[in-house]
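Structures follow.
Okay, so subunit A shows up in both of these, paired with subunit B first and subunit C after.
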Partner chain A sequence: MNDASGNPAAAQADSRRLRAPGWVFPALLLAVLILSVLRFDLIESLLGIRARGLLVSRIPLWELALQHLGLVAASSAAAVPIALGLGIAAVRFSESGLRALLVAAGSAAQTFPSAAVLALSVPLAGFGFAPTFLALSLYGMLPVLHNTIAGLEGVPEAAVDAARGMGMRPRQVLIRVQLPLALPVILAGVRTSVVINTAAATLGAAMGAGGLGLPIISGIRSFDPALILRGAVPSALLALFADASLRRLEDRARRAAGGKPDGRGA
Partner chain B sequence: MIRFRNIVKSYGSARAVDGADLEIAPGELCVLIGPSGCGKSTLLRTANRMVEPDSGEVFVDGRPVREHPPEELRRGIGYVIQSVGLFPHMTVGDNVAVVPRLLGIDKGEIAGRVDRMLELVGLSPEWSSRWPRELSGGEAQRVGVARALAADPPILLMDEPFGSVDPLTRVRLQREFLAIQRRLHKTVLFVTHDVEEAIRLADRIAVMRSGRILRHATPEEFVATDAEDFVGEFLGLEYGVEILSRRRVREVLRPAAEIGSDPGAPSIRAEASLKEALGLMAARRVECLSVTDGEGRRAGSLRMEDVLGTWKACP
Partner chain C sequence: MTVDWIALAGAGAGLVSAAALPFLSLRPNRILAGVPQYAMEVLGAGSVLIFTAAAAAAVLAALRRRHSGLDAAGTLVSGAGLASLLPLAGAAADRLAGDSAVARVSAGPGLWLAAAGLGAALFSFSRRLPSRSALRLAAALAIPAAAAAAGLAGLLDDLSLVRELLSRRDTFTAELVRHLALAGGSAALGAAVGIPLGLAMHRRPRWRGLISVAVSGAQVIPTLSLLGLLIVPMAALGAAVPYLGRIGVRGVGWAPAFVVLFLYALLPIAGNTFAALGAVAPEALDAARGMGMSRRQAFLRVQAPLALPVILAGVRTAFTANMGNAILAALVGGGGLGTLVFLGLAQAAPDLILLGALSTSTLALAADRALALAFRLAVSRGLRSEAP
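Coming up: the complex of A and B.
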């Protein structure tokens, strides 16, 4: 197609050879994450700092990390399917006003500080895991809902028209055409949701839900930056890992949706 | 085969279709033509219930379409649109196989059918594993036609199917489609706003304006149209020349035996159209051409009066 830049096939092969396989970066992040929760002292000595230890929790860091992971995983597992379902319903029954309602509610909720959402869910669900799970689930729904609507509405009109005109039932149009084509955008919403919730879950410590927020809160109380890092660094690494691996999934979905040449079938 | 009876469809206060009547005989290729926005697509889409008319009735095979569940009706009617609407996440083969799969035809049969359909539109079976993004506009349109024909529907609805390709590709696609139609004899409703396309393809032309069918006749019958009224004005004064593209020189030539030779007359192939012949006469300022057959031998001559007299003799 563009011979100006030399032989395109050769150029493509070159860039493929030079680029590391997609899983290398997420795997690297995972390794650093695991290392950081097992041997945070290594990172501390690398930075030349040490937590003073006044308020250091007796719970080991890896256990806090697992609690954190559990919170994020559970809330995302609840948020994603619900938001996906709501998004599909919003687009399918857009005349009913459901779409307008959900978009308005979603935008309003997005402007609400996550700390306040967490605090307000305590009177609803008590103390501990439940209110944090509830708040994170609600909060995590927003990007998925938003992207599901945007993704479905972004599917080329012609593809949907052709699908209907060829005799697909509404459900077949959704499953065979609209969802596969919207998937990259929906997955981008899932990624945003998981990354935001990984950070927001640190607030769960104040609600008694444990997790990597615990050292952060203790560090703030005892003016101990090193202790804050003990929670913040693994939490950030977890968010980066989630971002990198979900991005990979997203790229794959984008290729499957026919968006980008990848040499398949060529 | 398809009959539209007094179809009315409004969007808000605007009438997109305003009492349209049209009947398409079995095996006939009817070209629906009219200015943009006159309601062609809306009328076409009432035939497969993509649009439900406010009043009036569409009959397919004598039965009102509203008696069929829309999905089942649509699976029996081929549908080609200007934007093609190939599914970008499916290979060419999977695109072509969509309707046969919806109909539950078995796998082995579908694979063979996909290959046959691709061949029909001039693509080899290897195209089956390609992706829509790898296709040129013309190739995508071919796949669109193959997809519409895959379940062998007796009826085809084509909404400006060759509207988005370059003029050369367009003429080639028209010629190929005409060849397919001569073999398959589908009942076709073909929408366009291009007069030349209508003349090349149509068994009958229906001229539409402001939601109504003004006139429905063979392309030859339109020659006698008054240039002053809307139909004549829309078709344009070139219509009388364009219509000559439907006939070949060999159909009207005077055999060499009948008349003497014309030394110095420019020569033209017997397979050329009368429009080309007239063009050559105009360019060379002559009233007589020497006609050659496929092997380049002289087959006869063609006079301007023969060209001008042709459509009078048409049925």
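Coming up: the complex of A and C.
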């Protein structure tokens, strides 16, 4: 959308200088995140509040943060390879209608709220880690699938033709030409997936999976703003960190693919 | 012509799961564990209908190599099988529940997978029909029509999902209205603020970085965390401004949910407006100016109409996403269909969760389709080439 003319592209570069100082921003977020998890009492004394209740004394905040991180990491590790494989298969065998089916099913599934996917996995998998993992893995597949298809189809026909002309077999064309060129778009899908899952994992607390949502939900129930902040601040920082660091990765892939440093917007 | 592998796999999987997996599940009451019920036992002659439809669809998919005309027959057969699933399940539920008012009959994996398989087959067959063919339209309408007719005839009343709805009809309607008001109102406000914001980003490069960081940051932060972070300021706002306090601005309730949904709607709307205005070809603007239009005229008569499709696409995305996200309002006592989902979770009643979830996603899909149609009419005719 923003590769249309010289003027917006220059403006994009301008806004980039303003918002993307390399790895400094993600690193700063990570530092604040770790600090907030280990020494939340500093934030509390800054605001002049203190969370009470059983939850604070029973489970340390870093343990909840690790639970949260574990949920997101495990579900993304399951979702990304499966969705990538499905996306590659969809483009490769698009004649069979697999692509059309996956795109239609994926966009219909996207309208299903993530909270409902989580809630419905409870009768399937019981309470705790399992249903949350199941729901996050399924839901996290959608953006990766969508972007894998879009990315592979966005590879210029000329590049594929040239690779074929050099005598590459279909598998080589895929691995050495199509995937590297599609990587920035695929990584954008991975970023969306991880950010969505970081958010959905806060809801895992309602399914007994723990995580940083636990203090938020307990705090809302007992109307304890300090307890809510104990979960809300680190989870917000975690999501912002995941977004910022994966964006840097995306920029690197975009440079490696020979594109402009910033082509987001779509 | 090749074999339609998608339809073959879908119909085959539908046949196997309808025959071999529990089609329904009967619970003596809402809490006891379910007893699996198989299609052959509970559907009687109806099971023959489903098995035949699925088997015929599979055969037609395999025979496509010889006759391309088989697509129409496949559409018909798989559509008929799919449309008959729900009425048959309802009738079987009526027999299973008998006179018991507390017995619960819910859909089993067999029914779900048969529906998914036949749906995939129908999708694959009908996809190759001409886009304006009557059969394709009929297939798209027959399934919801069959479900609606069965529902109105009372045939589905003994399915647990419908019982959950009937036993709380008044609450359901109230929550539905509240859901629509929350999601629609916040998205409308998002459009009212987001479009000028996108315009400002386009006109004033100096604000651009700040606005885009703020707006996309709000999108990244988890909904639940944002709701939590808003509780204290909203409570303070309600206490400080008596009028706001009177209309219900408090730390919990509709107000924080509304603000969060509004913030979520802002990004797609402002972002798309900005991108759309920037993507208008400079040549078109030059031509307009060259024809003697003033800046204002060039904007109103050339740039804005050209950018409109993309701007409206952002509005549509925001409305659709808000319909789903509004489910979280229930967590802070904001009401809406999420109330049913979280109540179902607390009561371990999957059908209640499903009722809330299905009605929410139906709303989201309906909003998406309705806005696609409405916005298509708003766009200048020369720009309407893309399908909605």
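In this text, the second predicted complex is superposed on the first by the 232 of 266 C-alpha atoms of A that agree within 3 Å, B and C clash if a C-alpha of one lies under 4 Å from a C-alpha of the other, contacts with A are read in each partner's own complex, and residues count from 1 in each chain.
By our rule, contacts are C-beta pairs under 8 Å (C-beta built on N, C-alpha and C of every residue); 3 or more make two chains touch, one makes a residue touch a chain.
All of these numbers come straight from a predicted model, not from anything done at the bench.
> Under the stated touch criterion, which partner chain does A:256 make contact with: subunit B (first), subunit C (second), both, or neither?
First partner only, subunit B.
> Tell me which partner A:27 touches in the superposition: subunit B (first), subunit C (second), both or neither.
It touches nothing on subunit B or subunit C.
> With the two structures laid over each other on chain A, which partner does A:168 touch: subunit B (first), subunit C (second), both, or neither?
So A:168 only meets subunit B here.
> A:101 in the overlay: touching subunit B, subunit C, both, or neither? Say first, second, both or neither.
second
> Based on the superposed arrangement, let me know which partner A:177 touches: subunit B (first), subunit C (second), both, or neither?
Only subunit B is touched by A:177; subunit C is not.
> Touch check for A:232: first (subunit B), second (subunit C), both, or neither?
Once the two structures are laid over each other on A, A:232 reaches subunit C alone.
> Touching A:156 in the superposition: subunit B (first), subunit C (second), both, neither?
A:156: touches subunit B, not subunit C.
> Who contacts more of subunit A, subunit B or subunit C?
After superposition, C is the partner touching more of subunit A.
> Both subunit B and subunit C contact which residues of subunit A?
265
> Which residues of subunit A touch subunit B in the complex?
My answer: residues 156-169, 172, 177, 180-181, 256-259, 261, 264-266.
> Would you pull the subunit B residues touching subunit A in the complex into a rising list?
On the subunit B side, the touching residues are 48, 50, 70-76, 79, 81, 83-91, 98-99, 102, 129-134, 147.
> Tell me, which parts of subunit A touch subunit C in their complex?
1-2, 4-8, 11, 14-15, 18-19, 95-98, 100-101, 104-105, 108, 111-117, 119-120, 122-123, 195, 198-200, 202-203, 206-207, 212-213, 216-217, 219-220, 223, 225, 228-229, 231-233, 235-236, 239-240, 243, 265
> Using the touch rule from the top, collect the residues of subunit C that touch subunit A in their complex.
2, 4-7, 120, 123-124, 127, 205, 208-210, 212-213, 217, 220-229, 231-232, 235, 251-252, 271, 275-276, 278-282, 310, 320, 323-325, 327-328, 331-332, 338, 341-342, 344-345, 348, 350, 353-354, 356-357, 360-361, 364-365, 368
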